[in-house]
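Two complexes are shown next, each including chain A; its partner changes from chain B in the first to chain C in the second.
Moving on, here comes the complex of A and B:
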């Protein structure tokens, strides 16, 4: 199994957990997503955020190593890229991490910065979730179980 | 009408639709659902309360707006949170990891922002 394929699906899993726990905390309207257990949603969101940050470090280092080695092989499953949806994911991830870090670190000491970054974090979540749905629609052929290929191989 | 290529997307959508209906049905009798009467999200409420009176320098100044939670000793790092428990240990470890990885991410992102346009130009010329 390819490394970029594993990273892609790990990323998808962590992003889904972050989106669900984040939307559950966004407002009382969406609390039903996690049965109004906001405390659990908070812990889950923070733990998943750390995994998300670590995955981001891994993907960035992997891409830097590929560039330094002048590796030009196509990595269709890699989450970051210089154009298209890879670039969109790269930019949104950076904004998510920076705004998330401000909320995490300055929640008690700077309410103005927290309010501003929380607003960006929330609105970006809706945009990112909508873009993921569009991404799944566009790449839905990847969801097909490879029956035909297996049969042909036999 | 339906594109056969997109059938897996609609199958996945129907699975998620069933999950959402089940979760909604389970939370139907939940008392906390009365809270759903509040229309605005947490970010919007916080922005309305704080950002209306805040200035741009307030975004970069720590401690200018006194936190009621911090004043009452019920802030994130004090009060009702057990500071010797597992949860607090996890909080310290995860915050440390965040602080350690943030400069790596920003430096790596800057490197990619410089290198990516050049590498895509080379690909086009080759």
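Moving on, here comes the complex of A and C:
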């Protein structure tokens, strides 16, 4: 199995967990997503965030190694890229990580910074989830169920 | 190929469905009425519980620890030189690459 393929689907899984647990904490209107269990949502969100940052570091290191080796082979499953959806993912990921780190570290010491980064983090989530829906629509052929060759032969 | 395996198709359907659920939850929550008083109470109670039992509360306690504060201070001292080195490294790699 290809490395970029594994990274892509790990990324998708972690991002989906982050989106659902994050939405549950976005406000009273959204709390129903996890039955107002903010404690669980918080733990899940923080643990998934650590995995998300690790995956980001791995993808960036992988890209750096590819650049240093002058490897120009196409990696269609790679999460980051120099243009298109890969570039969008790269930029949004960096903003998510920076704003998330500020929220995590300064929640009780710098309320102005926390409020501002929370606003960015939340609005960016809506944009990123909408973009994922668009991405799924563009790649919907991946969801087609494999045809049963034996049945087809009959 | 992995993409053609049934268990993998199930996995992709699961991940896709979770994203549609997330998107649906956002749209429904954003445009519906409310929050009602009961929902606000539930959310506040959830937040209070989180302060006691989750990492949110734990991190607040840990941050008051003098050793952790010293560690954060020393990490910040390292951060800027490392950032400068990584930017310089990136520029070096970018300049050497013949595209």
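Please note the rule applied: the second predicted complex is superposed on the first by the 144 of 154 C-alpha atoms of A that agree within 3 Å, B and C clash if a C-alpha of one lies under 4 Å from a C-alpha of the other, contacts with A are read in each partner's own complex, and residues count from 1 in each chain.
Just so we're on the same page, contacts are C-beta pairs under 8 Å (C-beta built on N, C-alpha and C of every residue); 3 or more make two chains touch, one makes a residue touch a chain.
These numbers come from a predicted model, not from an experiment.
Participant: Once the structures are superposed on A, label A:36 by its partner contacts, choosing first (chain B), second (chain C), both or neither.
Facilitator: Both partners, chain B and chain C.
Participant: One more residue to check, A:101. First (chain B), second (chain C), both or neither?
Facilitator: Only chain B; A:101 stays clear of chain C.
Participant: With the two structures laid over each other on chain A, which partner does A:16 touch: chain B (first), chain C (second), both, or neither?
Facilitator: A:16 contacts chain C only, not chain B.
Participant: Considering only touches as defined above, state whether A:53 meets chain B (first), chain C (second), both or neither.
Facilitator: In the superposed model, A:53 contacts chain B only, not chain C.
Participant: Please work out whether A:129 is in contact with chain B alone, chain C alone, both, or neither, and reply first, second, both or neither.
Facilitator: After superposing on A, A:129 lies in contact with chain C but is clear of chain B.
Participant: Residue by residue on chain A, keep only those touching chain B in one complex and chain C in the other, then list them.
Facilitator: 26-33, 36, 43, 46, 64, 67, 104-105, 107-109, 136, 143
Participant: Along chain A, where are the residues that touch chain B in the complex?
Facilitator: Touching chain B: residues 25-33, 35-36, 43, 46-47, 49-50, 53-54, 56-57, 60-61, 63-64, 67, 72, 80, 82-83, 90, 94, 97, 101, 104-116, 118-119, 121-123, 136-137, 140-141, 143-144 of chain A.
Participant: Write out the stretch or stretches of chain C touching chain A in their complex.
Facilitator: Residue positions touching the partner: 2-6, 9, 11-13, 15-16, 18-23, 25-26, 29-30, 32, 34-35, 39-40, 42-47, 49-50, 52-56, 59-60, 63, 72, 93, 97.
Participant: Over in the complex, which chain B residues touch chain A? Could you list them?
Facilitator: 5-9, 12, 23-24, 26-27, 30, 32-33, 35-47, 49-51, 54, 58-65, 67, 69-70, 75-77, 87, 90-91, 94-95, 97-99, 101-102, 104-105, 108-109, 111-112, 115-117, 119-120, 123
Participant: For the complex, give me every residue of chain A touching chain C.
Facilitator: 1, 5, 9, 12-13, 16, 19-20, 23, 26-33, 36-43, 46, 64, 67-68, 70, 104-105, 107-109, 125-126, 129-130, 132-133, 136, 142-143, 145-146
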